[in-house]
Amino acid sequence: MFPRPIEQTRPLTQRLYTIALPIALILWLFPLLGVAVTSVRPASDLAQGNYFGMPSYIAFENYVSVFRDSDLGRYMLNSLKVTIPTVIGAVALSCLTGFALGIYKFRSNLLVFFLFVAGNFVPFQILMVPVRDLTLSLGMYNSWTGLAMFHIAFQTGFCTLFMRNFIKALPFELIEAARVEGVSEIRIFWYVVLPLMKPAIAALSVLIFTFIWNDFFWATVLTTTKETQPITAGLSSLNGQWVAAWHLVSAGSILAALPPVLMFFLMQKHFIAGLTLGAVK
Amino acid sequence: MTYLKTGAVAFAAALLMSGSAFAQTRALSYNADFDPTPLAAFQALIADFEAENPDIKVTLNNFDHEGYKTAIRNFLTADSPDLANWYAGNRMAPFVTSGQFQDVSDVWTDNGLGEQLASAKASMTIDGKQWGVPYTYYQWGIYYNKDAYKAAGVEVPTTWDGFIENCAKFQAAGIDCLTTGSKALWPIAGIFDYLNMRTNGYEFHMDLTAGKVAWTDDKVKATFAEWAKVVPFTTENHAAIDWQDAAALLVQGKAANYVMGNFAVATFKEGGMTNDNLGFMVFPEITAGIPRAEEAPTDTIHIPAGAKNVDDAKKFLAFVARADVQTKLNAALGQLPTNKGATVDAADPFISAGFESLSSAYALAQFFDRDAPAEMAKAGMEGFQEFMVKPDRLDAILERLEKARGQIYK
Amino acid sequence: MSSYWKRNQLRIAPWLFLAPGAIMFMVYVIIPVFQSLSLSFYDWDGLGVKTYIGTANYVELMDDDAFYTSLKNNVIWLLLYLLAVPAGLFIAIFLNQTVRGIRIYKSLFFFPFVISQVVVGLMFSWFYAPNFGLFYKLIELVTGNGVAILADERYVTYGIIAAGLWPQIAYVMILYITGLNNIAPDQVEAARLDGAKGLKMLWYVILPQLRPATFIALVVTVIGALRSFDLVSIMTDGGPYGSSRVLSFYMYEKALSEYGFRMGYGAAIAVVLFAIMMVFISGFIWKMWRDETER
């Protein structure tokens, strides 16, 4: 076990470590703590210049005000409308493509696989103008469908990489046995492999949820009005409206960050499994 | 028997008529980007319009101010409304030349707008035709904190030299002579416009923004030389703050003067300033004898080429151009009506001063980012910001702007 | 028909399964790359007519100061972002103990990655804000004169990179934590018996076993550095006067912002960015291909 397990060191080192841990954490999360405190700081404090003393009282009304007086709630709903279909679509498509690339041996298997991988790494900007035009001509501009369609297509790259590696690690004997029995390929997919993919599906869903919820660029390019914009683009325009209203900006930011954070804490294992696949041989 | 028949026919006719009366409610969709106060004013205007035209229903889709500037490109190509807000002059030119705005010269001639909206007509005209209707404009100038002036013991200056002399005294009193927030770039363009118009005249400024004069011209350098005089007395971190943050400095008396548009008065007053300590003056004279031109950015309404209900849209435009409508609207907006037959609130010193200033002005500029084409405006404003932070880079900045001019005005 | 299927299903099936995903991917990702490439040879404002101008966009790009500023900033981003890898490793090692509650610590350290970059950008903007930002106050305390990081052309890019490193280090940290969990304990024990400790142990025993994690960490860090649109957009909008521009942001400015709708020129910038990233993407693919064919 590396580094040397703390139990084996001198008691002084152990004590130092137990003190160092929380200090390190507070330093690390400092910006977050600052923003959290600002979000419950009453506006009167800010007007008088009390920026980081103790807040005169805990102003939860900032959160209420953010929902009531701005479109933050609408933006969060829009985020849901885009994120959930994307998760379903991308994961479903990649189960299929991952299966194809993981189980079957055919000449262009690796080529197709690498195409998915490479495509996932391209800078968004090279896609921006054509995708915007395509979305406009499909009549999906400024709608959750247009945004979801793009995200489903793009995330299929990453998800295929993930699923294919996962499926490759499954015991191939199960497939062989089913084939010997004369089971059709489609049934093999549905009844043999898919049930085994549940942990991968869970991991991927959590990850994709986070990626799409946090996407800013495509939200800005493909949606323009408060009826359709997700929380990232919405927060950006609210920031323009709330000049010098740091308490509102902070409250809005915390709310915008909440769903992925909740998702992360509830499904940590899956989240980490998703990110680290391939980090271990 | 005939009674029944006539009755039945009458009844059927009545049904038919009421059915068609029902179908008569026509819709107008209107896209705009109003801040809260103008939004309320326009909702009242729409209510008035609907009261006069009970068979028309106007739906206002309001965007956020910054997002609208990108959104308009999209909704003019896909899913266009019947009416859309925009700006006059060079700013509307791209949409006019690509055929995205409709020619509304007939609205102007039918309603005598050429007479009533004379001062704004030039900025609505391209190729001899009018492409929209202006409903409001507002003056720019210098807003100052009278208490700050008292604290430093200075008088309101009448010339630019006097203004600079005052700056030294403000600095001694620990007050910024001039404040601005250049993070969004446009506020400092106002400073440039005035310095240029006062140093070299309106015609030169128009030639410069139209790309007919080189940025490396000596006259342009003269403008920047005047600017260099006030840079040391300007708020330090202006590049990191927005105009509202700078307004707070004026309100708190930490700054004395602010080159701004009249829309800022609401913000100053919200911060606590009153007619007693908030002052307004026209930008002082720099070169003696140059006729006084002013900035008066004009807001406009247009009919997109893809509009479905053009007839009613034109009715709306004619309505908005009316003197009485403009009086009411601009009273709520706190701005100036473009219809010279309208009236302004004599009790509001800033509105009255503005009306005075604009009516007696030699000519009206539209603001740098509307007079110059968009790309040149961006390059120019970035150059202005860099100059304010690093005045010694002037020559390099002007060369860069000149290079941009060569590429942009083809 | 069904017997044709029965006979050939092993050959046809993969294509059937691939079809939906592959078609979406082609339409939205692969084909647009080529469309952008083609568009870079045209002059188009998004509204009117497309005019073919050959390589004129690229020629103009060569002479464009803003382009070189963006390029320079991208290089700075790339180099400094790589700091995330050792930083993440260091934190992962620091947290690799089995004291009580360490799982919560690990989760909380990972926190910044889960937040949107827009939120991270806003947080750090607040941090750096002149006159009341905590960081500004700190500098004022130490040097007597506050520095508005985001308004100073010398420091702005570094300020934004610092904001970006925060979630990036968290990401790398998790990769290494997982990697450390899978280190062969017998190798460590054997080395310890041989007297290896500290840095020697790290270099000769641990790091080689962390190679797959390091590879992925490098990949995501490089990609992340070159993709830095969100933070630049939300924190400075490219300012002050364009000094924090990066290629991904400059492209957006030229193609879609209020002050310019030159889609062809924007496409040319995107092609340059793409070419730069292709160098790295090819490297990664080549390494992956070697791993695959070794299996």
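Residue numbering begins at 1 within each chain, and the chains themselves are lettered A, B and C in the order written.
Quick note on the criterion: a contact is a pair of C-beta atoms (placed from the backbone, for glycine too) under 8 Å apart; a residue touches a chain by one contact, two chains touch by 3 or more.
Small disclaimer: the values here were computed from a predicted structure and weren't measured.
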| item | value |
| --- | --- |
| Far-end chain from subunit C, centres as C-alpha averages | B |
| Which of A-B and A-C has more C-beta contact pairs | A-C |
| Distance from subunit B to subunit A - Cα centre to Cα centre, in angstrom | 41 |
| CA centroid of subunit A to CA centroid of subunit C, Å | 15 |
| Interface hub residues of subunit A, defined as touching at least two other chains | none |
| Sites on subunit C at which at least two other chains make contact | 129, 256 |
| Set of subunit B residues in contact with two or more other chains | 66, 70, 77 |
| Sites on subunit C touched by subunit A in the complex | 6, 9-11, 13-18, 20-22, 24-25, 27-33, 35-36, 39, 93-94, 96-99, 102, 105, 107-112, 114-120, 122-124, 126-127, 129, 132, 134, 137, 166, 171, 174-175, 178-180, 182-183, 185, 188, 197, 201-202, 205-206, 212-213, 216, 219, 223, 226-227, 229-230, 233-234, 247-248, 251-252, 255-256, 263, 266-267, 269-271, 273-274, 277, 280-281, 284-285, 288-289, 292 |
| Subunit C-facing residues of subunit B, complex | 66, 69-70, 73, 76-77, 94-95, 97-98, 100, 182-185, 237-241, 369, 374-375, 377-378, 382-383, 385-386, 389, 400, 403, 407 |
| Subunit A to subunit B touching residues, read off their complex | 136, 139, 141-142, 224-226, 237, 240-241, 243-244 |
| Touch list for subunit C against partner subunit B, complex | 45-48, 60, 63, 65, 129-131, 148, 150-153, 237, 239-242, 256-262 |
| Contact footprint of subunit A on subunit B as seen in their complex | 61, 63-67, 70-71, 74-75, 77-79, 242, 244-245, 248 |
